[in-house]
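In the part that follows, the structures are each spelled out as structure tokens.
Presented sequentially are two complexes of chain A, the first with chain B as partner and the second with chain C.
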Partner chain A sequence: MAASFLFSQFVGGLTTAMFLFLIASGLSLVFGVMRVINFAHGSFYMLGAYLAWQMVQWLHPSGETFWPAALFAAASVALLGAIIERVLLRFLYGREELYQLLFTYALVLILGDAAKYVWGTGQLSVSRPPILGGSIMLFGATVPLYNLFVMALGLAIAVGGWRMLSGTGAGRMVRAASYDREMLDALGANVGAIYTGMFAVSSFLAGLSGALVTPIVGIVPGMDVEIIVQAFIVVVIGGLGSFWGTFWGSLIYGQVLSFGILIFPGFSLFSVFALMAVILVVRPWGLLGRPIR
Partner chain B sequence: MTGADVALSHVSWPLSRRIPWTLVVFLAAACVPFIGSRYDTFLGTQIAIEALFAVSLNLLLGTTGLVSFGHVAYFGIGAYACGILMKTYGVPFWVAFPAAGLAAALGALVFGYFCVRLSKIYFAMLTLAFSQIVWAICFKWNDVTGGDQGLPNIPYPDLDWMVLLPGLGHSSIADRFYLMTLALVALSLAAVWKITRSPFGRMLTSIRDNPERAAFIGLNVRAYELAAFVVAGAFAGLAGALFGIFNRGVFADYVFWAKSAEVMIMTILGGMNYFWGPPVGAFALVWLNQEITSYTEYWPFVLGAILLVLLYVFPGGIVGGVVAGYRYARHRLAAHRA
Partner chain C sequence: MPLRRLLALACAVAMVPSFAMAKDTIKIGFPIPLSGPTSVYGVPILKGAQMAVAEINAKGGVLGQDLEILPRDSKANADEAVRLARELIIKDGAQFLIGTLTSAEAPAVSTISKENKIVFLAPAAKTTQLTSPQNIHPYVFRVASNTAIEGQSGAIIVSKWQIKKIATIAPDYAYGRDVIAAFAAHLKQLRPDIEIVDQQWPKLGEPDLTPFITAQMSKQPDAVYCALFAGDFLTLVKQGTPLGYFKAISNRLADGGEVGAVDVTQPLGADFPYGIWADAYDPVIWPGKEPAEHKAFIERLKAFMKSDVGSGWAAQGYSSILALVAGIQKAGSTDSDKVAAAMAGLTYDTPLGKRTFDPKTHDADAGEFWGVMVKDAAYPYAIIGSPTYYNPAPMTN
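Take a look at the complex of A and B:
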């Protein structure tokens, strides 16, 4: 097998991994702090994609309009997330976790149909921003510049997020909230604001990754559920609520998906399922997660 | 003892107590083909099947306290198993039907083994992920499942012997299938009822109420949860087998997560703390679906909105609301007399 083929598979896996990390990190963050599994995280991702497409159409389909469109999409989704947390979700914190799950599930149904209503059921696409339209040759494989950008961005967000969480005052607050909400509340911190902020940041990441994925894959209804299942598998592999676990989980997922195609042609997802099953047997709480009951 | 027991044993009036309501409902349902239209029979068949599906989910949700977002996987496995056996291999229904339950139970055993090892939230995520895996397999495995084309033209079971029964001489095949479905669903519901009232069922409820304590008194919580998962999967598979024949085909849509949402909402709409909640929810949702889909294609949107209303306004569902209203009325009446 040619080395260039293996390398291009590797790069493809890395690109998938960085997208998954952008999405799954938001899911993992909200769970780590708020103990809520947000089924609607994939819907936020989908909205990010549709909003970016919409903005590109409004501004100008060609030219460097992709960047402001992506930022607009991510910011709008973050705002939507903050509103949903503030107006609806916060009244469910005291209830059983079933109700929180069902709430985010209801959002999936509603947002999915709303997107169908506004943008229809056809496939939409956004072209790559011209500045990153080219590609370079690496070890005999063609690598689009845009994919390199996505990889660099994913890595930057991983390192930046980790620095934020471990080194800044805000990061300390977030970690404290994930340890003991009541104690932090008693010490006078505004836990409600932290929760809203975390939900907004998580939605921002979902919206941003949805916008960034548009030049690579088509925008279709159903992309919300497809991605949320993949993000679930990533956090199951890496460990729910663990920041670096999500990172490594995405990397492993990407490579297994990419090379699994050599073992199961036509159904590479199967190798990922097999990997998940193995990890669940060996370490049910994920590679870097802690056992939670 | 679930809420339904407590409620009924305290609330019932002497007269209503002596009427076997369950029997009355089933007898009334059995009259539908004789007095209603063909369309009523069609709806009745669907309601009966969905009721069984919802009751099987409630064995997890209400009885054991396990939140499964992927129950549709076992419904789908049952539908495909029965469809493949009957269509591809020409196996008679009376063999294919129990085989579908068995296949679904096996699927539930494999997936459940992984799911029950984890905490509640992980459990919910994993069940959804596994159901999407089943969907992906059904969608892609062309040779066996027909892929995105599905398996059309599944034969009806051979019900010609029913012509010999009094009153069924000129019945249509759809009527006969409805009556058979009703009988099978009634038997299955009776079995689930027995299970929830058995020592095994009580153990499941004690796990729901306090898993730590159940483990502390020596119960193997994971094994009981897995057993509940398998039993619930088996009944979902039976419902799926009937659904495939009812729809004259099995398609990958049956296994799609939106179907999971539907059955979950049925269960909660009816009231998951009551045995008869899910069938009531099935009745309400199937009827609502018929009414609403004639106006709009955005049925999932309506489902989501119903779910939100349930969460914030009526967490007890329809049966919960009726029981609460009944208690309130009795309370007021008693106060008035005194």
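Take a look at the complex of A and C:
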């Protein structure tokens, strides 16, 4: 087996991993801080993709319209997330998790149908931005520039996010809110604003990853459900609520999938599900997670 | 007026139209993927059928009754298709079934059609298992081509290439497995010197084909026979092109999954890998001698779909309705047994010419139009350069 082939499989796994990290990090963040399992996270991802496509159509299908379109999509989804949190979700915080689950699942159905209504059921496609349209040869393997960009972005967000959470005042508030909401409230911090802010950031990440994935994957109804399953596997492996857990979970998922098809050619997804099953049996709170109190 | 009274009045008014439509119609259950990656084929098939029904009803219907289509979203899932088929027959009173897209759904719905003695036409599913001697029964009919015809057509095309090594990539289910088997067997007969160096089997609807693409490229084939279709083909192009997949084989790729249809070429636009061989039931854009009825059909289709692109798949839905209506008219009744008996061996009209159901296998003698995908200044998407009809007559056995 040629080294260049192994390297290209590795790069493919890294790209998958970074996309998953972008989306799973938002999911993990919302759970860690707000103890909400947001099924609609996949729907935000899907909306980010559709809105990016729409913006590209309005601006101009060719040329460097991809970047403003992606930012517009991410920002719009962030705004939508903030509104949903403020107006609907916050009434469910004190209640049982079941209500939150049902609510976010209802959102999945509503947003899914809304997307079908607006953009139809066919498959939409966005071209790669011309500035990143090429590829480079690395260790004998062809590596598309766009994939390198996504990997770099994922890494930047991982490092940047960690610095913010551990280093800044706002980050400390967020971590405090995840440990003990009532105490933070009693100390006078505006927990409601922190929650809305976190949900908006999480939705921004979901929308951004949806927008950025459009040059690589077709936009199609059902992509919301497909991605949320993958994102859940990642956070299960890495640990719900753990930032670096999500990062490592994504990396592991990407490589297991990539090399899994060499060992089990017919059972490509089996390897990832098998891994998740093993983790659930051996260490149910994930590699870097904490046992849920 | 108090709100409650107003609501009651509104409900009464809303009920009136449903009383007016109490006239009996011939109900045709239509389970087909209307969402997901395969809906890019499913939706236009339904539209083609709806157009046929609208035209026939305008001319007075069949045996004095109007046709009515009951569309349902099967999501390309065999279990869902079966559940919908049962519901359509038992709850909604469907007298006939047309639909399913994939070769997973069709054989499953065929068992329902056999159980309930309901005539079922498959406009798209190609697996030969649907009409094999073990599975054939009086009520199932196939308007689509089949994997034997497609595999052999593909082998004939590939056999003319100057190559030594070929790879295959196909979705891992009945259609993919059967068509590659047919292709490989026929290629061996025509060109025993060509070696199959790699075979990849991603699952249907796989969103990440990158590991399969790189694995295939590492075996360095000279050419590829591809059975990925609809959304999977879009994914292959989007992910394969930046990895140099098409460049490595100089676009020597043949795909029998109707990716030459405008339903696939239009979303891809300029990203389409020009130079590959592809097929479609209906080329829509027909450089050369286009039959007048086809031109007229496309004009009506564009108006009906409110699109200036049309569809390469609508003809299959349209033809299914024409075939069923021909069967009902020949039988002189909507009774399933009489219609089934009438349809065996029946010749019916389609926008692409006449087709006949084989009296034993109930397969239509449906070939497809193949050609090299080229750029044309008049269109912002790829078209089949010189659509050539690959006649299945010498290939079916």
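Operating definition for what follows: the second predicted complex is superposed on the first by the 290 of 293 C-alpha atoms of A that agree within 3 Å, B and C clash if a C-alpha of one lies under 4 Å from a C-alpha of the other, contacts with A are read in each partner's own complex, and residues count from 1 in each chain.
Everything that follows uses one rule, which is that a residue touches a chain if its C-beta (ideal position, glycine included) is under 8 Å from a C-beta of that chain, and two chains touch if they have at least 3 such contacts.
Quantities reported herein were computed from a predicted structural model and do not represent experimental measurements.
Three-chain overlay on chain A, with chain B and chain C in a clash.
In the superposition on chain A, A:Phe232 makes contact with chain B only, while chain C stays out of contact range. In the superposition on chain A, A:Asn190 contacts neither chain B nor chain C.
Of the two partner chains, both chain B and chain C are touched by A:Leu269. Residue contacts after overlaying the shared chain place A:Val108 against chain B, while chain C stays out of touching range. Of the two partner chains, chain C is the only one that A:Gly12 touches; chain B does not reach it. In the superposition on chain A, contact is made by A:Lys116 with both chain B and chain C. By the document's definition of touching, of the two partners only chain B reaches A:Ile37; chain C does not. In the superposition on chain A, contact is made by A:Met223 with chain C only, not with chain B. Within the superposed three-chain model, A:Thr168 lies out of touch with both chain B and chain C [touch as defined at top]. Comparing which residues of chain A touch chain B with which touch chain C, the overlap comprises 116, 266, 269.
Within the complex formed with chain B, the residues of chain A that make contact are 31, 35, 37, 39, 88, 91-92, 97-99, 101-103, 105-110, 112-114, 116-117, 225, 229, 232-233, 235-236, 240, 266-267, 269, 273, 276-277, 280-281, 284-285, 292-293. For chain A in complex with chain C, the residues that touch the partner chain are 1-2, 4-5, 8-9, 12-13, 15-16, 61-62, 116, 120-125, 127-128, 133, 135, 141-142, 144, 146-147, 215-218, 220-223, 226, 257-259, 261-262, 265-266, 268-269. Chain B contributes residues 61, 67, 69, 114, 117-122, 124-126, 128-129, 132-133, 136, 140, 257-258, 261, 264, 268, 298, 300-301, 303-305, 307-308, 311-312, 315 to its touches with chain A in the complex. Interface of chain C with chain A (complex): residues 34-37, 39-40, 43, 75, 172, 200-203, 205-208, 210-212, 214-215, 217-218, 230-231, 234-235, 238-239, 242-244, 263, 267-271.
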